[in-house]
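Note that the chains take the letters A, B and C in the order they are written out, and that residue 1 is the start of every chain.
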Amino acid sequence: MDRQFWTYLGWRVLQSLVIIAIVIVGSFLLLHLVPGDMVDVLGGQRGDMDAELMATLRERYGLDQPVLVQLLNYVGSVLQGDLGYSYRNATDVLSLVLQRLPATILLVVCSVITAVFFGTMAGVIAARHAHRPIDVIISMIVLVFYATPIFLTGLGLVIVFSVKLKLLPIGGLITPGVDFSFLELVGDVALHLILPVFSLSLFYIAIYARLARASMLQVLDQDYIRTAYAKGLSTYNVIIGHALRNALLPVVTMVGLQIAELFGGAVLTETIFSLPGVGRLAYDAVFERDYPLILGVLLVCAFIIIVVNLIIDIIYTLLDPRVEISR
Amino acid sequence: MMLRRVLLSPAGMIGLVTLLLIVGMAISAPYLFPKGPWALVARPYLWPGSRPGIPFGTDALGRDILAGVFYGSRVSLLVGIVATVCALVVGITVGAIAGYFGRVADAVLMRITDAFQTIPGFLFAVVLVSILSPSISTIIFAIATVSWPPVARLTRAEVLRVRESEYVQSCKIIGMSAPRIILTQVLPNSLSPVIVAAAVLVATAIITEAGLSFLGLGDPNVMSWGTLINIGRPSIRSTWFICIIPGLFVVLTVLALNLLGDAINDALNPHLRKR
Amino acid sequence: MRPINLIAGIGAMLCAAAAPIFHAQAEEPVKGGTVTFLMSPAPQILTSAITTAGAEQVVSSKISDSLFTYDFDLNPKPLLAKSYEVSEDGKRVTFHLREGVKWHDGEEFTSEDVAFTTMEVWKVLHGRGRTIFGNVEKVETPDKYTAVFVLSRPSPGMLKSLAAQQAQILPAHLYKGTDILTNPANLKPVGTGPFRVVSFTPGDNLVLERNPDYWDEGKPYIDKLVFRFIPDAATRSAALEAGEAQIAPQNLVPMVDLERLQATGEFEVTTKGYEFQNEMEMIEFNLDDPVMKDIRVRQAIAHAIDKDWIVDNIFFGYGISAKTPLHPQLTELYDASDVPQYDYDPEKAKALLEEAGYKPDANGTRLKLVVDPLPYGEHQNHVAAYMREAFREVGIDLEVRAQDFAGFVKRVYTDRDFQFTVNLLTGGSDPTIGTQRTFWTPSFKPGVGFSNGSHYSNPKMDEILESAAAEMDAAKRKALYHDFQKLAMEDLPVLPLTAVESTTIANKRLKNHTIDANGTYSNFANVYLEPAQ
């Protein structure tokens, strides 16, 4: 690769670091501007805690210091890879988040793949038959997917497939308390993931379908496709070999943009399907006012999303030389 | 002119009519149900159709779900529209400043926008609403906070395009002030994609509000569709209708808004429609 | 009621009639099997010696035994303590411990463990232990199997509080000299109980297995006990229905689902096993608030609420309309005779408001109030929503304020920026453990959650509570608590609404899950699972 590429990469990494810094400072300040701290919650849950004990705890966790000092301490420890300590869970935040991350990543990755696969397929088919009944039907179905909130889909799927038909587990990631061999484990996890993945991806199937349809229509209009047809290539070859490859570029961009949204949607999916992921961890942390944990989850999510976008950007630049590298 | 084009497409027509019906529900609610959505009218968990006058049944406390759905349309629309307006104001301002002035302003504003976009939107809304206490205003605030960044990006891209045009350049030459150029020249020529996005933003806001209420982060003093969904959620295995009926209204509204958005988009970009 | 229930009811009666024969035949416990137990919220740690959180109590009681368990009338039954005696003056309590009990790591359980846990854990770190064991001056250990509690003053309430849920014994050999709050054994507990930890996935599940060296030979009967922490109520009820779990305690299944699940014939519901909790749905009035200070306003509110409606429609009958601050389950002390009552009477409520100087405006509104329901479960919100409607009838415009748990605790107990709450307060197995803190002047401590939130202070009340706490004579104690109930309802710093009956729903194949007052908080040594037919 040439120097221009490396300059670009360096620039993008620098940008990402700035974004992370904004996220850290911003969310830290936000969480400290609200009434009621961790010790108030502990006091409430323990039922009887006197002012002295509460003061001791505040001192111990550094909550009695000015916000700015707390912020500096926090940034300092984050730089050393320490995201703080979750008092409610009696564990350090990083290991808690890392423990929960696999479930969420599995969920999100499977959902992206499902959404891209089915979405693009639907979009391509629709585009092939643009303005004919198949297109209209696909568009309508896709629109309904798009309009249905994740939680409605999720609840509906559970009732039909888990309770009525008893085909799939209600929730969780692994059947607890059973000793599985590796293959059995993979099968068990796969069974547990089917419903959550579908309820999370339906919405995105819709998005990718519409996107793929639109960009497919645009591509099919291009000269080189006409040329391909003129060369006597079969429809299948033209679609898969030429049009789809080009129509996929906007889809790839969209994946980058949607990753953050998928993590957000994971909060709902993980709650409905009791998946032990970071979404549920954050949701529980919010209700317990576990600030270090909330911060930790936001930060790790932001970090992953930034890295994914960085990678997508690089892939994009490599794939499509037409993309102009600015600055 | 544009309205006619929107109405000429069947999708736009269906969307508009559905939306008008829902607006009609919102307006007529206090006249049809003068006792409000919270009045206890019958025993709790009454099934739809089991008693005349209460076609949708009652919720966990014996409140009329039909009344709830009517009043809910007001709140859901309100949340959707106000949150969208706020997001538009912030997003357009940020996008216009970043796009027009470029350089430092652009770098700073866009990094902030990036930061907002790297935090999962719904998760951030959950955090915001719960630490600020759930109420209609905090919910609107949270939704607006997570929805402005795409508007800013879109506006910035359009402004960048328009900025270099001859008429903007000539305005600069005759010494027009920057705010004036932005307001009178740049924005009017760059906002049409943003307007299309607005319809989708309203829809997303309504879904987000329902999702927040589903998680128990709704305003307990305000009857929205999300409120009903949250009331019905624990008992969805037995009395699913409490959740599903308002859920269907959410789906319907979101569908209508999207159909309308598509139709407006097509009307604005007739060349895309040619094929 | 719909006809179907009548038929189900007759069916239930027939079953009840047939039950004794059935019991006589098949009571040989079945060995083996895995039981899945639904919980929410999830426990953060696996010991309850340092926390009062419910989830920790439920899971850790299976791992570590306590001195006693209690029968349904709260009489102690031996567990790690074989017997006990109390000296004449009530100031020395001697426990004779079971011999040959081993911790899961093979060390012997001795009086040293009891002394250490009492003095360094319960008294210092346990929320309620600080009160319950407040009078313990020291624990003497004359030999390995004898522990003598030396008290500064008699504490009859203490003997009601030695079950695992609030007095779990920790192994001194692992905790002594360490920072107890962050000791790794809090997450990898070593207990004396019938089950050992296999794996713990925080927030998701906990897997326990049978302890083969349990002191009560032959027990426990089941091989594995799996806890699944499911936050969504509908999912919990679906898990039971799909057969993925066998038991869900503490109202974890929505009441409307209980009826439907019972109708399938596969499940049974019990309200037993909560004699320790005695939860009361109550209104705490902020007596520092200029409006709530006026007793006529508080009485008006009391008359504006139909408590039976709340029991029937919000608690689905799983509760008793409250007449005093004590739970009727507290059979030894509960007495509602001659206690002032405030029946549902909107007219009277209006008259009282009129008298207090609140005249209706053009909309019929006499006064605007704000209520803060405790954000825990949904009942408090429902009660608040009901009150908003009921109050409108008497001319009170009520706003319901929502906040999270921390916000609620801070607002009510630290900032004291509220008018009244709808709260769920644990009465405990003795009034000294729970109820007292709500009425006793010294427990008005801003900053302390669930203390005397009303800021109620009446020297007469303090005297009654203090004498009752130290009274050894049962009859005199009962009389004192009768005075307490009368005075509390006369002064009305809090308005008891419902004596809550918590429910446990379990698959009928699961036996012995509720055999004493500890219910699902007990050690599950006797639980067994009949194989599916």
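Simple rule for what comes next: a residue touches a chain if its C-beta (ideal position, glycine included) is under 8 Å from a C-beta of that chain, and two chains touch if they have at least 3 such contacts.
Per UniProt, the chains are A = ABC transporter permease; B = Oligopeptide/dipeptide ABC transporter permease.
Owing to the predicted nature of the structure, the values given are computational and were not obtained by experimental measurement.
Enquirer: If each protein chain is taken as a node and each touching pair as an edge, is the resulting graph a line, ring, star, complete or other?
Expert: complete
Enquirer: Look at the interfaces B-C and A-B and say which one is made up of more C-beta pairs in contact.
Expert: Of the two interfaces, B-C and A-B, more C-beta pairs touch across A-B.
Enquirer: What's the distance between the Cα centroids of chain A (ABC transporter permease) and chain C, rounded to whole Å?
Expert: 40
Enquirer: Quick one: chain B and chain C, Cα centre-to-centre, how many Å?
Expert: 44
Enquirer: Return the distance between the CA-based centres of chain A (ABC transporter permease) and chain B, expressed in whole Å.
Expert: 22
Enquirer: Could you list which residues of chain C touch at least two other chains?
Expert: Within chain C, the residues that touch at least two other chains are 232, 234, 238, 241, 404, 407.
Enquirer: Which residues of chain B are in contact with two or more other chains?
Expert: Residues 130-131, 233, 236-237.
Enquirer: Pull out every residue in chain A (ABC transporter permease) that's touching 2 or more other chains.
Expert: 155, 159, 163, 271, 283, 286-287, 289 - these are the residues of chain A (ABC transporter permease) that touch more than one other chain.
Enquirer: For chain B, which residues are in contact with chain C within the complex?
Expert: It is residues 38-40, 43-45, 60-62, 130-131, 133-135, 218-221, 233-239 of chain B that touch chain C.
Enquirer: Can you check the complex and tell me which residues of chain A (ABC transporter permease) touch chain C?
Expert: Those residues of chain A (ABC transporter permease) that touch chain C are 35-38, 40-41, 43-51, 54, 88-91, 96, 99-100, 155, 158-159, 162-163, 166, 169-173, 176-177, 271-274, 276, 280-281, 283-284, 286-289.
Enquirer: Applying the document's contact rule, which stretches of chain B touch chain A (ABC transporter permease) when the two form their complex?
Expert: Listed in rising order, the residues are 111-112, 114-115, 117-128, 130-132, 203, 207, 210-211, 214-215, 229, 233, 236-237, 240, 243-244, 247, 250-252, 254-255, 258-259, 272, 275.
Enquirer: Inside the complex, what are the residues of chain C that reach chain B?
Expert: 232-234, 237-238, 241, 254, 256-257, 259-260, 313-314, 378, 381-382, 384-386, 388-389, 399-404, 407
Enquirer: What residues on chain C touch chain A (ABC transporter permease), complex-wise?
Expert: Chain C residues touching chain A (ABC transporter permease): 34, 36, 41-42, 44-45, 51-53, 127-128, 130-131, 181-182, 186-187, 198-199, 201-205, 207, 224, 226, 228-232, 234-235, 238-239, 241-244, 404-411, 413-415, 426, 437, 445-451.
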